[in-house]
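Once you scroll down, you'll see the structures, which are given as structure tokens.
Two complexes follow with chain A in common, the first pairing it with chain B and the second with chain C.
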Partner chain A sequence: MLKHPAFHIDLTTCTGCKTCMIACKDKNDLPVGVKWRRVTEYTGGHWVSRADGTVTQDVFAYYLSVGCNHCEDPICVRNCPTTAMHKDESGIVLVDATKCIGCRYCEWACPYHAPQFDPALGMMTKCNFCIDYLREGKAPACVAACPTRSLTCGEAEDLQKQWGDSVTVAPLPDPAITRPNLFVTPGRTAQPAGSSAGRVANPEEV
Partner chain B sequence: MGAHWPLVGFTLLVQAAAGLLIVSEILAVLGAEARMRGADILAFLFGALGLAVSFAHLGMPLHSPYALFNIGSSWLSREIFCTSAFIGCLFALVVCRRVPTLQRLAGPLAGLAVLAALVDLYAMSMVYRIVTVPAWDSPATLLNFAATALLLGTLVAALFLAARAEAQVPLCRVGGTLLVLLVLAVLARAVELPLGLFGAMQENARGISGFSAVMAEGSGLYALRVALLVLGAALAGWCGLRLLRGVGPALVALGACAFLVVLAGEVIGRFAFFDMYVLNGM
Partner chain C sequence: MRELGTVESVGTGRRDLLKFCAALGGIAALQTGGGLLREASAAPATSAAMAAERIVTTSCNVNCGSRCVLHPHVVDGVITRIDTDSSGDDSYGQHQIRACLRGRSLRKRVYAPDRLKYPMIRTGKRGEGKFRRASWDEALDLVAARMKDIQARYGNEAFYLNYGTGALGACVSKSWPPADTPVARLMNCWGGYLNHYGTYSTAQIAFAMPFLYGTGANNVAADMANAKLVVSFGNNPAATRMSGGGIIYDLIHARKESDVKLIVIDPTFTDTAAIADEWIPIRPGTDAALVAAMAWVMIAEGLLDQDFLDKYCIGFDAAHMPEGVPATACYKSYVLGEGPDGVAKTPAWAAAITGIPPETIIRLARQVAQAKPCYITQGWGPQRHFNGEDACRAIALLAILSGNVGIQGGSTGVREGSIYPPFGKFPTLTNPVKDSISVFMWTDAIFRGTEMTATRDGVKGTDRLKAPIKFIWNYAGNALVNQHADINRTTEILADDTKCEMIVVIDNHMTSSAKFADVLLPGTTNLEENEFSTSDAISVMPYMVFGERAVAPLFECRDIYTICADIAQRLGIREKFTEGRTREEWLQWVLEQTRQKFPEAPATLADAFRQGVMKVHLAGKPFVALKDFREDPQAHPLATPSGKIEIFSKRLWDISHTWELLPGERIAALPEFVTEPEGYLGARRKQFPLQLVTFHYKQRTHSTYGNVPWLKEVAPQELWINPADAGARGIRAGDPVRVFNDRGASFIPAKVTPRVMPGVVLLPEGAWYEPDAQGRDHAGCPNVLTSLRPSPLAKGDPMHTSLVDVARA
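After this line comes the complex of A and B, so read on.
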């Protein structure tokens, strides 16, 4: 069992295939509309005039697979009125179903949209890092399913040694808000955090 | 738009209760105590109904006692505590004023209830000061809630004043105070409306802002909300000026119309406030 689990996404290799999303939904039997992991497509670009009078383009598109980042300072835990949203001893953010009132205040606040309301249960649900798999020494379903191995997980300290300090790219929010346990390796076209150069191109999917 | 109706009902009713209590206690201190009799009961009914309506927002109402477990860090938990304390104080005030042996406690309790109302208004606004929701994370939110409390409280208190013409009160002082409070409420709203829209301009990565979300629901509806406020406040102001010269039965009916017009504007405005929810994030 990992002591301080974190995710890593490599934008240089992620193809946006969404296998991680489907594996998560399948493993956790999530109903329609409840998505613990979402793959955001971020796109932008323009026509660019060149000195010789011709035009070219600088279009870009890349994918961000994001679930719960089990943040160091989770805004959902801070805001939850019941303490149902809590961090366990290894830092995994979990929902205590015996306390949750389904007020959705955590969902309002989380910049990653990690807490998801399940109308059938009347309460919040979210990524639990496949804690049952972790206890068996297995990788979470999303990580195990990734065909390009773009999505990995491990001890936060080891990921930092392997990949260096995380880089925040658009449209990820300011990491100072929650201090996410998420390491990102940006791709060639990644836009800096806060950039308005692109737009989320698949809002209906995420 | 309709998904937020329990929160619209809860916030408006509790803010109306707070406003009515504060204004009626001010008027009572100024000598209109006889005409304000019963205002505390109505404020309690508003507050209790608001609290009851809020349960419709919860997916699991049976777990609601747990909502007081995180007062240390959650403004929602603090809001629920403050609202419960405010309504508890109101209930105690209503009882003390009507039980002869407890009447000596009514004065301190009224002060405590007013203080609880003010703290509750602040706590309610802080619930929406979420760093990831730019449209709400603005001083306009507190101003919005305070304006609602003052507007609705002033208009309902004015109805009490107009409806009990038989009780003698220093009409100039009391009516003048009501008019000043009404002007203050309208000014607060006049500052809050542009301030709130300005704070809602920031677009997220989906290209949506609180402003665009509200306009998507209908800019005409938003204009109607402003028109209702102006019309209702103007009618209430005219009634207030007439009140200073004496009270007629038509004045009460007109005052009630002014209240309903302003209330309709406040309901639309509160739905617009919740429509402005746009997450600054993924």
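After this line comes the complex of A and C, so read on.
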């Protein structure tokens, strides 16, 4: 089993197909409304219509698949009043169902929207890195599902060696807030963190 | 679909020459076996944690152009999870056939609340959706009685198998091609049925390409790795070939290998454009104008591959024209303004039509001409237009002008090719009826069947139809309503049960087509069947999936073979239909046929299910289409009258002078830009200013999976509209809007996005039609807006040639 699991997303190949979301929903039998993994579409650019009937543009769009980044400094854990939200020995952030009261403070605190409230259970649920699969030596459902091989996982130290320090692209938050175990390879049109060149184009989906 | 070519591939070891068949969108057979590296990937080991869990191997058999491996987990007879291929080390050529989001949601489709549970017989008016429950005996007795009655009054030509692709890629439980289905076998045992030609996917390109090349073949997508530039017209494999074992992965892998530059030309910044190097937006239906201007630049700057044109082609210039036509009817005269229209096809001319700046056209022409080899590909969007027969030939022409045909890393400019595995076929016998209509014209054949002729309506096999359609078999298809055009007119035609007298629908769910059934029969899904399937579009790794039944048939559902056999019984032809075999015995028969072509295939059903997936690895360089022709055109002529590439087609010239055409229709012998009555230059645009393009969407495969809430949640149905067009109408992101024309209206939220060019709106195809009392749709089903008027030559569906307007709802 991974000792210090982390995710990597390659924006040069991710087409936003959302197979990771459905594989996660299927494996964890999640109802509509509960999304342990979300794919954000970030889109921007402008059009200019010219007198000759032609148009020019600088349009861009890319997708970001994010579940829980099992952060080094998880703000959800810091903000949990009951200690239900905790980090296990390998750094996976988990909800202790015997302690969670469903107050949703973690949901409000997390800049990645990782903790998801399940109204039927009355408590928080979230990505657990498919810890059962990791124990069997298998990849998490989302990673094993990725048709374009854009979403991968591994030891954080190995990913850092392979991909360098975690790069952050818009609209991801400042990594200093939580120190996520997420490594990103930007694509051709990736915008820097904090950029206002684009906007989240699918707020209803994430 | 017929075989389109032969692949020669160089092996790594003891045997070098392998011959496989390559085909465009069809299944072909192995020519010689042996010398194959193959890997069997058994089903994954059962999880130790769940002793009662059974994991089986099967596939997703829908019409997406891929075929993915699925591993349903079954506990106590219930599917609890669906995994996909995780075998091996995922090295390319033996890579994992990872299912897309739809396949991973399949259990929600199997267990959908609207699953058809028992046979039903219509009680209300046709299309009202009012039925009563019936026994299988009563329902099948009624079907057989109506068959005999209609046959006696109208003959077998009045029976029609409607296009349906809901069960695709399998052996026995398959709904497409219609001639290969158990329904066809039943009808062939009983006198036959009215055929159709073409598909809703490819009507124009499949009809047109033989005039240019005699074939529709192309290099496989993996060959992009050997190109210096890839130019893709209206081709979005990130949505249309989503499988992790299929074309999108072939493309991504090729670009990782070679870093080849990818330019996407499309009205939309597609999900493929999101990973491309450049996006060039183009107005729908104007591809041929862009190509003509690129040809103008190539002529002006001396960038043509003149040697290739002289040696392999006819029709480019006056010196290479067929007998009996004016020399100025050549393509060069057309481009230079020396042809009948007298208009020079300059970049400035094309710019005003396509919306692409002249400097971009000039730069693109130079890039294509100079980046040899250049891989040019087109999807099926450009051809699904009223002028699609011209657009698809024009795009292919770029590969010809630049001399890229028949070489490694080049292309024919058609859609990327595929390699298909050797496999047996369930025999459906021969249809004694030769009469055939275009796949798109069955609604006409209902209300004016005997008026339809060869030269006006494209009827084949007879000069004039002998009978109107009186009986429709609609098996695993939603083209009866949802996926056909102009739904309001279509349902009006269907609602009159004095015209088409009997409609039998066999399906899994209460679709909009199912609501128009007279007898509605519940079919099984392939997860309730033992069934084999084969790979669809793929570059270097054809495969077979030996699917084992995951769960018993739900409710009273029956498989199509059993249904047809029980009807055959009532017609007195059961023995003829079954030849004494059960469904499983036919699967065994198919295995034996397969082993004759491919001895490595498993011998028994038990072996097959144990094996699960059989991947065939093709060693050597990726398949090149028309390689033989390029190397020796005399020894390997094309299947055209001249044996050469026919840029000018004398056959089309003759058709254009003999067929009856309506105003606004034109059949061009050259791949030239032909204006569309409902296109950018059409007069109707004064009334309806926006061009509507429908597109394949990750939520569904056409309409299949359109009832899965998970998929609707992660990929909702929306109308894509540019901020400029939205702003002019006071529309903001997420606002409910009405998209409409004089054929109908649909209500849907707006996605205001710069990813669609100004003047164009997009609506994903396949959403399940939800009419109100006025026939206005509330689900975003685009076919309330599309036209029943077929394209002039192929008589195909022009689903992307519709003008609309949009307003806040």
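The definition used in the following text is that the second predicted complex is superposed on the first by the 198 of 206 C-alpha atoms of A that agree within 3 Å, B and C clash if a C-alpha of one lies under 4 Å from a C-alpha of the other, contacts with A are read in each partner's own complex, and residues count from 1 in each chain.
By our rule, a contact is a pair of C-beta atoms (placed from the backbone, for glycine too) under 8 Å apart; a residue touches a chain by one contact, two chains touch by 3 or more.
Please read all numbers here as calculations on a predicted model, not as lab measurements.
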Which of chain B and chain C A:E205 touches, first, second, both or neither: second
Chain A residues touched by each partner, larger count belonging to chain B or chain C: C
Partner chain in contact with A:G102 - chain B first, chain C second, else both or neither: first
Partner chain(s) touched by A:P173 [first = chain B, second = chain C, both, neither]: first
Partner chain in contact with A:H4 - chain B first, chain C second, else both or neither: neither
Which superposed partner A:K87 touches (first chain B, second chain C, both, neither): neither
Touching both chain C and chain B, counted on chain A across the two superposed complexes: none
Of chain B, residues touching chain A in the complex: 57-61, 63-64, 66-70, 73-77, 80, 127, 130-133, 203-207, 277, 279-282
Touching residues on chain A, where the partner in the complex is chain C: 12-19, 21-23, 25-27, 29, 32-33, 35, 39, 43-47, 49-50, 52-57, 59-63, 132, 136, 138-139, 141, 144-149, 187-189, 201, 204-205
Residue ranges of chain C in contact with chain A within the complex: 47, 49, 80-84, 86, 90, 98-102, 104-105, 107, 238, 242-244, 248-249, 252, 256, 269, 271-275, 277, 279, 281, 348, 351-358, 698, 709-711, 713-716, 722-724, 734, 751, 753-755, 757-758
Partner chain B, residues of chain A touching it in the complex: 38, 40, 42, 64, 66, 75, 78-84, 98-105, 108-113, 117, 119, 121-123, 170-173, 177, 196, 198-200, 203, 206
